[in-house]
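Multiple structures are listed underneath, in structure tokens.
Consider the two complexes below, in which chain A is the common component and chain B and chain C are the respective partners.
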Partner chain A sequence: MRGEKSRLSRSLAEPGIKIIGYIVLAFMFIYILNPFVWLFLTAFNPHGSPFLELPENLALDNFIAIFVGTTKMGAAAHSIYMATWIKNSLIVAATTMFIVIVTSAMAGYALSRLDFPGKNLFMLGLLLIGFMPSLTKLLPLYKLCIIFGFVNNLFGVGIIIASGTLPTQIWVMKGFFDGIPRELEEQAWICGCNRLTSLFRVVLPAAGPGVMVVALMSFLSGWGNFTVPLILIRSEDLYPISLGIASIFTHHPGEVGLVVDYGVVAALSIIYMIPSLIIYYVVRRHLLKIRLARMEVR
Partner chain B sequence: MVEVRLENLTKYFGSVRAVENLNLKINNEELIVLLGPSGCGKTTTLRLIAGLERPTKGHIYFGDKCVDDVPPRLRNVSMVFQSYALFPHMKVFDNIAFPLKVARWSKTEIENRVKEIASMLRIEGLLDRRPHELSGGQQQRVALGRALARKPDILLLDEPLANLDAKLREAMRGELKRLQKEFKCTTIYVTHDQIEAMSIADRIVVLNNGKLQQVGTPEELHNAPKNIFVASFIGTPAMNLLDCSFIEEKGILDFGSFTIKIPDDMKDILSGSSELVLGIRPRDIKVSKDKRSHSLEAKVYVAEPLGEEMLITLDIKGIRIKAVSTLIPHVKINEKLWVSFNMNKVHIFNRKSGESIR
Partner chain C sequence: MIKIRREDVFLASFFIPALILLFIFQLIPTVWAIQFSLTDMALIGKKFLNPSYVGLMNFQRLAEDRIFWKSVGVTFEYCLISLMWRFTLGLIFSLYLTSKIFKGKTIMAAVFLFPWITPGVLKPFLWISVLDTKYGTANRILQLLGLPAQSWVYERAMLSAIAINSWAGYAFPMLVLASALTSIPKEYYEIAEICGASRWYRFTRITLPLIKFPLVLCAIMIFKEDIDDFTYVYMLTDGGPNYRTELLSLYAYHKAFVYYKLGYGSAIGLVIAAIAFILGLAQLKAAKF
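Then we have the complex of A and B:
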């Protein structure tokens, strides 16, 4: 019986089914990768256009154009902004990362190690806020931003983005802390540390992979965010890349009425994509380790 | 290098009693072992002394100083956990140097001290490794090195050998004892293994259910156990404990299926008590193939050779006892043997209170 069955399943998996499977896979592959291939071909094509075409020769002209400008008629002004957009995105991402790490480390530690009244309620609240669409909070946040002077301020943008991703990251961090044996910390106390020094000298480094995941994920959320800068940033020289790319199509910064240089836009998109690729590569092993800590209900 | 005094030390976790009314003085430079079955409160006592737990009641003194409100980092104690708790992100060197760095020793001082400790523990070659690259025995040495590096007043060891294999455990046992005498720091050692305790301790503290049972040197505990618990816990193989009653007019102990006549000097001590437990160590039972005066007839239940000796489980009319005897050739199951108790080495306990009478 068993032999028959396995022979049956083998014959099912053989030629006919297999070929169909590959066709489906190939279709999905093209469907998903097509935009990326298009993007890469255009970015490395010195004469990039909105149409998918094989470049005659591959060159870095478009990337150079982002930083030093181009000889192409009328397109020069883009570069002044594009280089700053990259810098702006870095500022926003770094601010977000810094705030998220420091805050989520301390909050995650407290939730993992300390007992205080209302702890479970607080954690449920965090979870709830984390699940809410971020746009629901925008009106009050905008009002607050005006009061604090966060409008047209890259650090302000970072702070607001951080506040949005913090609830989730605190949970992730708590999960990592839960996995670190208490004895490690007690050993640190006996060796002369107080709670704060043991957190930063022993617990955080021991939670290294976790901290890295939180750091990189928050960096990405700052780097890629579109809505928050859209609402808070007015001047074009403070645009992060996300806003910059969009603005190229809505209005051409600097020189209204110019033709969109698709090659340069594609190159900028590639740069916009690079952190995600690097971070995915670095984090892919650790991502598996993220486990949201289970709630302890007593 | 300090004397530790526990005064009415009590610790409850919620309504669970971990340690109850513990009074103990640990002398300067002494190696004292807290011994007891798991859950007896020995680790809790250690954590109380380290400052990781707060006593529910009672006080702890280091010398003349009450340390109840002193946090662990200011107590100048070192502790080796059962899991060693090595810092996984640090190399061996940094692990050992950690308490020194926290105490802000200078760089050269730290380097010299770590090298000194490493050579004493014979781990000089491992200083560049990370904890996960070490074997269990090596990790144990590193943990010990970290504990000794900053010259603690008190060294606390929580089952430090439990995670090692049997052979290594035996070797480390002796080495620990030597190291302790070299470093001369007051050491409190927790274990559930009575053989380990006997071999290493200056004095042993036996705990059960959070309560102190007996304090004494290994010899005292072995030769004069204060109650049934200590008697049954200490010694390998364990002491035989037989329920019996004293029949004063005949001067005999009645075990139900057989009786033993007792020497005259014991009669006075036992007079007035009836429900008793007789304890006798397997090595104090004589076994022979020939009948002698006062010997009892017994059948061999099973015989296990232990090298030079033999552990024989005997059946005396339905009551099983264990005896250790020098090798009697060809002991067979169900063979008839004659046993006699060495009455000078017999322990008698009150069955109700468990306290020793003799």
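Then we have the complex of A and C:
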């Protein structure tokens, strides 16, 4: 089968199209990768500037500066906070992930195993909640969060982000649970598990890759979210990285005596990208299998 | 009559945590948004604790608000152009990923997905190095080619925002299109080949009709995402210059959290919600739910 295909494709491949294709591809690579070249060169350049330039020597100074603070004269005072920002982002992302996994696993499992009248309508309602623009909800959320004490509270931010991603994740979880045979749980019940323990001890491990995807995606949505902390976090030492990086550029435009140390910011950006890179590496095989068809809305 | 077993009630109780979360943090805010938009609530001070009911005054003022109408225009311009550009890029890249002519799929996929996996706030920040007027990479390339340098972030602010947005977001249509393309049976093309169909004919008569459906769904989802998100313009221009990049969502944020008019901001938020809701219904209709 494979040999047949490649023979066919060779006969299809006209040399002209191939050359033009590679030239276009080269231009596209420049468009895509251009900003990243600057990012990586600057992060390892002790004298980073906001513009693309070749560093004289490569060093890890910027990464060290994030954790121990900078000694450069007049450099961004922000770097004293950067290690805290990383910790804050981790707290938010971990909270989001934990809440999403527990609640979406339970709801997705019940949706998968339970038949009740109006189930389709329920699923549709979940979908429509997910369609509500986050901004519309954010303004009243601010008042709600004052009541709950979620302003300037990292766990609160995590909970809000979790509730925002929950509808989609329940759908995803249900899809994975549908593929697990019921006999597996029945055996667990015989051994004395109830529904809840069998869910977390037997079904969730069996749904391994699916749970992994949900976990990583929810972690990422907590890690990368910008608008929720923008509204709820008011003091600088509680900023997650997203807000911290934005604040360097927007909240202190040209403050006297402060120079943005681009090298350190670029280093922080690279640290900020690491979880996304890991997650891409783990789920890369599944990414090309996204189906957006009738079966998604069923 | 449906028989209710104890077992099922226990199972149904699994919904409770999720439902509590969704009810408190998604449903109540939505209802409140409607309520807020009918008041003159402010973000701070006396008007925060006991705002007074003003009826449809906020919407009336919206209709007369010159900046609001400008930002409606700006929003649609932003959404439509980035939608087109995202689809163009997505289609090109998905053709690269699925065609059998080009080698190095793994590297291509990794490079194509790189902007997508970058956290949102970083994207405009990364592009400052490219778009700067004096030393930006884009202008340096232009000068290398003998063309005059352009003022990207100031004079072409909208274009810059769209470039960043589509650079950041072409990956989703690319993935959807790539998986749609691979699901087309190979026999169709073989038959077309036997019948002597040209490459263009095969593309327009076989490929396009078969990927039309995921295409439409994807377009609606992207439009909804764009109308909601203001991270890029917030970081790049903050709505300037002269409100030329003031998206509706950013305008709502500004009104509520910079001018402290929470009621007015909620009214704008509801306008966005109405547009998104119509899009949602369109999506369901397109999906033949």
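Rule of thumb we're sticking to: the second predicted complex is superposed on the first by the 258 of 298 C-alpha atoms of A that agree within 3 Å, B and C clash if a C-alpha of one lies under 4 Å from a C-alpha of the other, contacts with A are read in each partner's own complex, and residues count from 1 in each chain.
In this text, a residue touches a chain if its C-beta (ideal position, glycine included) is under 8 Å from a C-beta of that chain, and two chains touch if they have at least 3 such contacts.
Predicted model, so just to flag it, every value in this text is computed and none were measured.
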First (chain B), second (chain C), both or neither touched by A:L39: second
Contacts of A:I159 with chain B and chain C, given as first, second, both or neither: second
First, second, both or neither for A:T136, with chain B first and chain C second: second
Partner chain in contact with A:E183 - chain B first, chain C second, else both or neither: first
Touched partner set for A:S104, first chain B, second chain C, both or neither: second
Which superposed partner A:C191 touches (first chain B, second chain C, both, neither): first
Chain A residues touched by each partner, larger count belonging to chain B or chain C: C
On chain A, positions contacted by chain B and by chain C: 194
Interface residues, chain C side, partner chain A - complex: 2, 7-8, 10-12, 14-15, 17-19, 21-22, 24-30, 32-33, 36, 43, 48, 89, 92-93, 96-97, 100-102, 108-115, 117-123, 125-130, 132, 135-137, 140, 167, 175-176, 178-180, 182-183, 186, 190, 193, 199, 213-214, 217-218, 224, 227-231, 234-235, 238, 249, 252-253, 256-257, 262, 265-266, 269-270, 272-273, 276-277, 279-280, 283-284, 287-289
Chain A - residues contacting chain B, complex: 181, 183-184, 186-194, 197, 201-202, 205-206, 208
Residue ranges of chain A touching chain C (in the complex, touch as defined): 5-6, 8-9, 12-13, 17-18, 21-22, 24-25, 28-29, 31-36, 38-39, 42, 50-52, 99, 102-104, 106-107, 109-111, 113-114, 116-117, 124, 126-129, 131-144, 159-160, 162-164, 166-167, 170, 194-196, 199, 223-224, 226-227, 231, 241-243, 245-246, 249-250, 265, 269, 272-273, 276-277, 279-280, 284, 287-294, 296-297
Of chain B, residues touching chain A in the complex: 50-52, 71-73, 75, 77-79, 81, 83, 85, 87-90, 98-99, 102-103, 146, 150
